[in-house]
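One chain, chain A, links the two complexes that follow: it is found with chain B in the first and with chain C in the second.
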Partner chain A sequence: MKKKLNLAPVFFVGPHVILFAVFVLLPTIYGIYASFTKWNLMNEPVWVGLDNYKTILFNTESTFHTQFQNGLKNTFIFVGLSVPLLIVIPLMIAVALEHKKVKMKNVIQSILYIPGLISISAAALIWLLIFNKQLGITGNIFGSQIAWPTNQPYAWLIIIVITVWGGVGGNMIIYRASISGVAKELYESAELDGAGSIRRFASITLPSIRFPLIYTFVMTTAGAFNVFGQPLMMTDGGPRQSTHVLMMYIRQLAFGNGESIAGMASAMAVLLGLIILVISALQYYVMNRNAA
Partner chain B sequence: MKKKTLFSSLVLVLSLTTVLAGCSNEDKNMITFWTPLTGDDGAYMDQLVKDYNATNPEVKVKHVITADMYTKVSTVLNSGKGVPDLAIIHADRVPGFVKQGVLEPMTDLIKAQPELKQDNYLPQAWSTGTVDGTQYTIPLDIHSNVMYYNKDLLKKYNAESFLDDNVVTIDEMLSLQGKLDEGDYIVNDALLGWVILAQIQNLGGDIQENGKPAVNTPVMKQALESVKKVADAGLMTPFGEDGYLMFQSGNVLFSTDGTWSSTAHAGVEGLNFGVTNVYSAAPDKFTNRSSSHLFTMLKNKDRTEAKVAGIGNFLEFIRTNSLEWAKAGQIVASKQVNESPEYKDYMQSFFTSNEKEIQSLYIYTYEYYPYIAEAVDTYCGDIVRGNVDIDETLQTMQKFVEDKIAEGSSGAK
Partner chain C sequence: MSNQVQLDQPLQNRTGKRKGASDRSISKYISYLFLLSLCVVWVIPVIFGISTSFRSQTEVVSSGFRLFPEQWIFENYVAILNNTSTAPILRWLMNSLFIATTHTFLVVIVISITGYGYSRMNFKGRDTLFFTLLGISFFPGVVNLIPSYKIIDALGWVNTSWAMIIPGLAGMGNIFLVRQFMNGLPKELDESARVDGASDFRIYLSIIVPLIKPILIVCALFSFTGSWNDFLWPVIVYTDVDKMPVTAGLLLLQDIYGNYRMIGQLMGSAILAIIPTMLLFLFAQKYFVQSINLNSGIKG
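Take a look at the complex of A and B:
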């Protein structure tokens, strides 16, 4: 007897597969194809093989090589600065909110979460005013005599501040949800055995939320590599292109002034994608192995 | 059984594509009109379109504001579907678009509308759309880099005489060195790249030589250095500070922003301001680097003759009725409008008040101007502030432009 065909899975998975194929898979494949071409978005792409990659990676004379190098360097700086903060701060808040004496936990949670819902451009305008030399706190309260967006290290500082402000909420919610799933008995018995709060955090909380930690770490890192809005709005890449991240160069090449240089932009994007892929895989591998 | 799965997934795909395709149903009796005009500009254009549709034309116009228009234009041109019937593009896009063959000549349309001709528009706004004798665009406006001045501050510092000959020179500005109160400045750095590009004209140079980009030139260096003098003397608003805001708060004598800012300045209480030409490195010449909004038809084989006739009617309506556009602060290109008495009420009428002023509105039409403008915008701030070595940076800029050109379609080996 033949097994009766079950259509239910098709209906559940089908729409997602189609949307994935149309909006993610095909554009990705086309993007990879475009990276091997010279293309201005208007005419037919012209196949140039590995030329774009050679220029970006090895032609030290080329503007695109310098742009890629500088963009990648700045992106790494951003990732290095922002990711630890986006993991540690939400984790600490989530743990702190678990304390019995903390009141209005949901209100605090909402307040911390809301910034993530505000668009970067709107938020950046507010933060730029806050950091404005004449109108904001930097000049009036801290007595700072320099314009922060055009001087390092302040330019990075304000980019990180707005990133953390906007990004804390998301990870915090994940941590809170997973911490609340940890059996209370574990804490109680640990307390009876004389474990202090730090010991309980290190020996119970952290191992129990291992997977959410890996997940947020990998996702936050991948997201941070794609940074674009914050430096664009806060510093416009300055001073002297020291906060000009790779995504800004990619966008400028493909959709900037004049004729588009989409092939080169695609090649840069593919390289960035590869870097994210490798680093994410590495993170997952290392964390999973250590945790196991 | 396998067939059934295939069938059901096919149904799913088909139904989905129908739903998606439903989005692009085009109205046969409607001119789709795309513009990149966001903000207030879009609202004024909406009003113009509404006024036109109120005249009950055979084919009405539907105005669609697309913030990322140039990206969308390349997408629709690539697929050939959903190409708008009419669009507004910026002057610096014309040479590239014509070269790529994506603009429809206006020849037939102009034949049907005899008043759509060069004599009825500001000359450079019209000629920007002329390539090898063929007209590809009809101008809406010129929008320019201009210089606003704070009347009260000019009086306070006894500098009203600067305006006498309509040329505020860099030397005149430097004469106020050491005479300003703390916190006051002569000029801000708004649209600094445009100001530099104007100086190149003032100094008799150009951005190209026989079709090749000329960025690393003595004239460019001179232009940058003369503006740098102002910054070095401490007369320019400090780097990284919002000079535009400082002008509005009454601490800066001159602000070199755009025609379109006049409405925003007018909204500032107590700001007593006027408008003049951008300062000049030369004593006898002034230039206001400009661009233009131009109506154009992107190549679209589905555009019917009725629609082309409708577009002609609409453009003729705009030519005669675009006073509304003056409210957006722009210099209206149609002579019928900019020579009308009502137009004189608008501040920007200064720039069409005489022949010399009209000539000062300079639109770069060099094919690779966008790359050069990008290079200048990227690097001029740091050069003027002395953060980088000027010779080295000029080399970088030249290379920047050349590399980009080499990657373009025309640069293909």
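Take a look at the complex of A and C:
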């Protein structure tokens, strides 16, 4: 009797625990371990202590140091440019859609949501043609004589455009749902008191959707730090590595042509992971405290 | 003092109302202008991609940017579907379809069974286990990327569909959602069934699963589109052109069609890769735009 009671949960929870151990726990621990080793993915890793970290962070003559610095800088540029837009634009859309007199809300919402369901590689092929000097919009309609993917600041511009185009949908849905949950009476009484729409937004809408705002801000930022597909497809890191993000270096070192430098790549991955953790925690802490 | 307030009150109300009303019609036009201009920008790439896939190479090169073709041709699609060597699009689409469908099917099974365990069963350390796993899963995934490849390699799954089907089943996000949803169902349901002698498996299958269908559908849809659109992982685990999914294949196309020599075909391939998720959205729109996807959020 007792035995039977103990075994049933094993069948329900057990299979996933095994999956979790093999595909999440083990690789995470191994990833941290590998960052302290010299490893080429084929042979056994050789323990080198903090050497990888020392090289990446302090050895100014090493290419790994330059790569990490450049990759991290570019990743931060991407985060800094994309995250505010991915919060503000969806919020503006949600507010505009909430307007009583706006019609066809669902059609508009679908149109703005759909790019989020398109894979980055398919989307990038189309957008690259749009930004093509000879065949696209930039040359033919705006008369620009510059090849956008290979010149700054246009290279960043097209990366951000495709990111915003594909990325506003998710946050828009979350904001819409939260705004429609705010009590209508609040707006009505504010309107009677003569509060304009900007005032109503600032003192009713924003405070009421505090939790979804924090949540989307943290998640969007963490996602943006993992950026990879947009720069790989749109600019391939150019011009002169100025859009080469950290994730691209990590993949290149571990899986690129020539011998794999997986230990060094793992150390970069751990550093990126730590940065994401610290920034997420900071965001959560600061926003929660300021709002309380 | 109190008199004055009373006198002022109605006047303030009236001006307040008027200001609100005119304010609202101005803000209506601003809202429309903003939303419609966004919509135009949002659909242009899709229309442009579709129409270019029906244009001949000479027309694309000679007449520059046009939203619609001068002459609609189907040769691009014929050429795409006949290409079975350098860029086997049809093969890639089949791979993607197999991967995404199998993955989704397994996700639904795993999250419903595991969710049942964490929500409806009582065993020692249940919640500790659940929250420990949940906590670990918040650790940034970039750290386990390289060892994950090594594990897939050790299992002999490099260049096979399993590389994309199985690892994603380990995630905690969907299980969290299912558990939340199940916790909202009354306990009396399974207790009365248990009194009647029903086993856990029986309760799971005939009582719980039918009740959690809405959340399972949502998780299934996001698993399918997530798997279909995944990019970083397939770019790492596939080198065999015949085995890769369409997202990784399109990366190769950029080189194969190099310098935009076969633009119509390039656009046609991109459009074909988009169609399945679009169809899914058309048929299941209401599930996609529920705010339940709070979790499925933002993938890189």
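Criterion: the second predicted complex is superposed on the first by the 270 of 292 C-alpha atoms of A that agree within 3 Å, B and C clash if a C-alpha of one lies under 4 Å from a C-alpha of the other, contacts with A are read in each partner's own complex, and residues count from 1 in each chain.
Just so we're on the same page, contacts are C-beta pairs under 8 Å (C-beta built on N, C-alpha and C of every residue); 3 or more make two chains touch, one makes a residue touch a chain.
Just so you know, these numbers come straight off a predicted model, no measurement behind them.
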> Clash or fit: how do chain B and chain C relate after the overlay on chain A?
Replying inline: clash
> In the superposed arrangement, which partner chain does A:S62 touch: chain B (first), chain C (second), both, or neither?
Replying inline: first
> Which holds for A:L91: it touches chain B only (first), chain C only (second), both, or neither?
Replying inline: neither
>> With both complexes superposed on chain A, which partner does A:P149 reach: first (chain B), second (chain C), both or neither?
In response: first
>> Just to be sure I read the superposition right, which of the two partners does A:V83 touch: chain B = first, chain C = second, or both, or neither?
In response: neither
>> Looking at A:N40 after the superposition, I want to know if it touches chain B, chain C, both of them or none. Which is it: first, second, both, neither?
In response: first
>> With both complexes overlaid on chain A, does A:G170 touch chain B (first), chain C (second), both or neither?
In response: second
>> So in the superposed three-chain picture, is A:F255 touching just chain B, just chain C, both, or none of them (first/second/both/neither)?
In response: both
> Now for A:P15: first (chain B), second (chain C), both, or neither, which partner does it touch?
Replying inline: both
> Counting residues of chain A in contact, which comes out ahead: chain B or chain C?
Replying inline: C
> After lining up the shared chain so the two structures overlap, which partner does A:G136 touch, if you call chain B first and chain C second: first, second, both or neither?
Replying inline: second
> Considering 7-15, 151-159 or 187-195, which region of chain C has C-alpha atoms that clash with chain B after the structures are aligned on chain A?
Replying inline: 151-159
> If you lay the two complexes on top of each other, which residues of chain A touch chain B in one and chain C in the other?
Replying inline: 11, 15, 41, 132, 134, 255
>> Considering only the defined contacts, which chain C positions touch chain A in the complex?
In response: 12-13, 15-17, 19-20, 23-25, 27-28, 30-32, 34-36, 38-39, 41-46, 48-49, 52, 60-61, 64-65, 110, 113-114, 116-118, 121, 123, 126, 129, 133, 136-137, 139-151, 153, 166-167, 169-172, 175, 200-201, 204, 225, 228-229, 231-232, 235-236, 246-248, 250-251, 253-254, 260, 263, 266-267, 269-271, 273-274, 277-278, 280-281, 285, 288-291, 293-294, 296-300
> Touching chain C in the complex: which residues of chain A?
Replying inline: 6, 8-9, 11-13, 15-17, 19-20, 22-28, 30-32, 34, 41, 86, 89, 92-93, 95-97, 99-102, 106, 108-115, 117-123, 125-127, 129-130, 132, 134-137, 139-141, 165, 167, 170-171, 173-174, 176-178, 191-194, 196-197, 212, 215-216, 219-220, 222-229, 232-233, 247, 250-251, 254-255, 262, 265-266, 269-270, 272-273, 276-277
> For chain B, which residues count as touching chain A in their complex?
Replying inline: 1, 4-5, 8-9, 12-13, 16, 68, 70-71, 74-75, 77-78, 92, 96, 100, 102, 238-242, 245-246, 249, 368-371, 373-374, 378, 381-382, 387-388, 396, 399-400, 403-404, 407-409, 412
> For chain A, which residues are in contact with chain B within the complex?
Replying inline: 2, 5, 7, 10-11, 14-15, 18, 38, 40-43, 46, 61-64, 132-134, 146-151, 238-241, 252, 255-261, 263-264
